[in-house]
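Presented sequentially are two complexes of chain A, the first with chain B as partner and the second with chain C.
What follows is the complex of A and B.
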């Protein structure tokens, strides 16, 4: 080859190299930002983990380093699981949250289906109204709610939570589901209608499977709200055997000014486990649902 | 037994839009009828009333002799193919086709037999386990048709099923649909805005415009004997040319007198039909294919004229020439070998035996 044909390629290669370098810098920057982010958010759980592995004596010893355990012990965990009401609180949280998620999903999926598809007088106004109720803060609602729960004889009863939590979750879940259902093309219902489906079959066999990513998103939301709820449980539940985790830990492990820090941390960490699992499992599924086929073309 | 009968059918949407203004139509058993017309003329509305997806405001629709105004879609024994296919995205091709049969509680073996049979007709057997998103547009279209075929309904309804396909695939699927109809012989109502699709597919074409039926007839009938200006202009591509003029008696014969003193003789065999219109203002209609390079001028119904093309469009098998004649924009079709060039006067011939005389007021063909 003559040099005249070779020269035009040289600048092109330099350009290619600089592009690569630019990309590398962008990557390094992204990793640094992410590392800072992760560090920032991992410090509290790390501190919790360290504290939960210490004995009360080591925690009380002010000369020790709060970030390092000198004599790690599982005693806090062991005591939580064998003595006291921690397991009862855990069980109550599971029951209340499971019921809340199930009830929220049944109500909000059916409500959203009706609001998105069965055009009836005032359905549009109602759909907006559903969302507006979500904007009312719970701190405003809990005094009237207290009267309702009291008159139902459900004060200091964890089943009151099964009644109350859906009022927090249903509006938003319905709103999410309306969006998902509205994005399903009308022809799909019509095809199902002609194929012989009734309203319930259409909902069950077409809408729910097609809107599954939306349903999972709504479920994650309902789960989070219910699992982490604090104001209502602390206002309405007083005896330890009715409490859910959020209030159980702070009521049973803090006596006057005695903070059992090791157990509080251990309890909180174990309480964070179910959300972690739910997110890990459902998120994978959720993303799989969203992108399935996108790669197949 | 599956004729479809429409009697004075009206559809008024809320808000007062009359989409369909009292149409009558008789569709015979096994017939392939195409509703064609411009966008918004009420084709889809008519089809959706037959399907039961829209309520009928007034009049009656009967399928197989039974009035079905108040029968829900699932009990009308119809199947519909939609423009966007409307396949169930979470089901395999097999399940998509089987869904209607499953809801109707058919036995498993019967469902499998029917789906396999439809898949064979449509050549989609290898796709049965795929999900719709893994299919091309043409394959989805086939599945949508398969879903209709397995049900073995009284009537197939198609709403612009080919509009989402590219031009080449559209032609191919058109043939496919025709083949399927020749195999299963199910009464079919097919909606399209594309007159070529209508002409090629239909046993009978129903031309709609503004919520009414302009004309019903076989493709040949509509092409040769359009009854209204709308049909004359809508059927055929490129469209028929219209020039306002006058009928007059001159030199012992009936003649069409156009502006710029263009005079064309009416063929002898049609003189009697138009004699009593002599002296009246008319609209002269002639299709591009009857405005050709000078040929056959020895025959009595070919009249000579000269045109100066402004634009020529070579199509391969023919060349379209666009020129001004009697003040109107006119299109003619000439042989590709004819010396047609922009600005060059070209001797041409008008095939007067294929002319149309219209009433400029009512738009009716006289």
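What follows is the complex of A and C.
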């Protein structure tokens, strides 16, 4: 960039130095701002952890410091895992989420392949329709859904969630898969067609392997959404053995006026763990999955 | 990105003699395409379009769902003070939360972007945590932080000599609290979207601006902002939809209280429709969200279409 022939002028040197200093101050300011926000963002999880390690007596003691645990114990975790329905809720969440992810991926990969590569009558309208469906919030439809689920005899049945959750995941998964499939070079299709491959072979042998990062991102999105879903479970599931984690924790650990805060926080922390672990290990796919809608297409 | 480069391959020369075969191939193609999209179409028709039409029908029935009463549920709601409270609170909640999220997200994205790329990842990782925890779960922690007698915030405030705050007990504070939690949950999303947009602004533009003697503010105003305008509007509109239709946070923190002052459309519809058993009235409450959501959705779609044209 800079010319090497010029002799170093004194003014330039000074300017350079002040720029450097300016940048250093800007950097220090940046770190302070970041630290403040990290502190703000971490307060609830931190307090959750602290409370979950306290005994009921320590929580109830108003003279103690609520931010620090003085006698850490794993009793809350132990009780959750050995008695009560927590493990049932966890299992239900795992079953519902796994089924939702599998169903969503099958539907959306097939549809996205057709929408990205085969122009057919109404394909553009359908692609737009998919995006608009993604923008329909579940809170708009939960009341008619309540009636529909009731008439199907699935009220208070966790399998109803497997039926409904794909409406939350499929539109967006289809949308990101269209983006990924569209970015695969057409030469690959042509090579496959010349070799005599049919469309389904093309999908299976070329598109799915090539678009694997996109598929992973879409899977993570589907997992996150169905793990976190709240309004359908709270409206449709009433007995404890059918509940998923998001509603089970509250309904089981709050009896009338007694809040077992230690156990609630322990349960909440363990329920937050699967998405946190996925996030920790697959951060880039996670971010791609949850933001692709607006950056990709 | 890499499409359309090979849009006129082989076909023209070979087409006339093989017309029939091609036609057959394309007919088979559309059958395959139809079968591949069939599950998606069924899902959209059966579980989105049909419930929506059904909601319209339900909203015109009486409470016991035995009689057709036309617009009565809607006019009944419009005459209720509680309903107008819900409208006010929904708008207040959505607008202020989205503005704050956008602002915080913008600041954080800039700050992160200024860091050397080595440390960026670590900070970004920590800043995204609120967005990764399911809101129905993290709001439990906030609920406990706002507890009337054990609030850890109040304990800290007392330490510096400030009176305890009735976080969820008083209308004004309760409104503040639900917005605070929503901002806490949603800011990282804005941050990550803006960060991606910032990274896509070409460095040459800043260099050109620097040569023209632009100050930091001018660079922001005339380079960064125009380049990011589209992504900002998409993110804001999308977030308006999601925030306006929020359920989890309000339901867990206040369940609409105190005195129905924090109810938003979704929680009010839940209370009326599911808890009090007046399904038609609940359906009407939800449907009141529709016109506003439709407007936001159309503008979002326009933004996204414009963006994909720019990127193509």
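The criterion applied here is as follows: the second predicted complex is superposed on the first by the 243 of 297 C-alpha atoms of A that agree within 3 Å, B and C clash if a C-alpha of one lies under 4 Å from a C-alpha of the other, contacts with A are read in each partner's own complex, and residues count from 1 in each chain.
Methods note: a contact is a pair of C-beta atoms (placed from the backbone, for glycine too) under 8 Å apart; a residue touches a chain by one contact, two chains touch by 3 or more.
What you see is a predicted model; the values in this text were computed from it and never measured.
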Tell me which touches more residues of chain A here: chain C or chain B. C
Could you tell me if A:187 is touching chain B, chain C, both of them or neither one (first, second, both, neither)? both
In the superposed arrangement, which partner chain does A:74 touch: chain B (first), chain C (second), both, or neither? neither
What is the contact status of A:195 with respect to chain B (first) and chain C (second): first, second, both, or neither? first
In the overlay, answer first, second, both or neither for which of chain B and chain C A:39 touches. neither
When the two structures are overlaid on chain A, which partner does A:87 contact: first (chain B), second (chain C), both, or neither? neither
For A:209, select first, second, both or neither according to whether it touches chain B, chain C, the two together, or no partner. first
Common ground on chain A, meaning residues reached by chain C in one complex and by chain B in the other: 185, 187, 190, 293-294, 297
Which positions of chain B touch chain A when the two form their complex? 51-53, 72-74, 78-80, 82-84, 86-90, 99-100, 103-104, 131, 133-134, 147, 151
Considering only the defined contacts, which chain C positions touch chain A in the complex? 1-3, 5-6, 9, 29-30, 32-34, 36-37, 39-41, 43-44, 47-48, 50-52, 54-55, 58, 104, 107-108, 111-112, 114-115, 123, 125-130, 132-138, 140-142, 144-145, 147, 149-152, 155-156, 184, 187-189, 192-193, 196-197, 231, 234-235, 238, 241-242, 244-248, 251-252, 265-266, 269-270, 273-274, 279, 282-283, 286-287, 289-290, 293, 296-297, 300-301, 304, 307-308
Listed in rising order, chain A residues that touch chain B in their complex are 185, 187-188, 190-197, 201, 205-206, 209-210, 212, 292-294, 296-297
Write out the stretch or stretches of chain A touching chain C in their complex. 26-27, 30-31, 33-34, 37-38, 40-45, 47-48, 51, 59, 62, 65-67, 106-108, 110-111, 113-115, 118, 120-121, 123, 126, 128-133, 135-148, 163-164, 166-167, 170-171, 174, 182-183, 185-187, 190, 199-200, 224, 227-228, 230-231, 234-235, 245-247, 249-250, 261, 264-265, 268, 271-272, 275-276, 279-280, 283, 286-287, 290-291, 293-295, 297
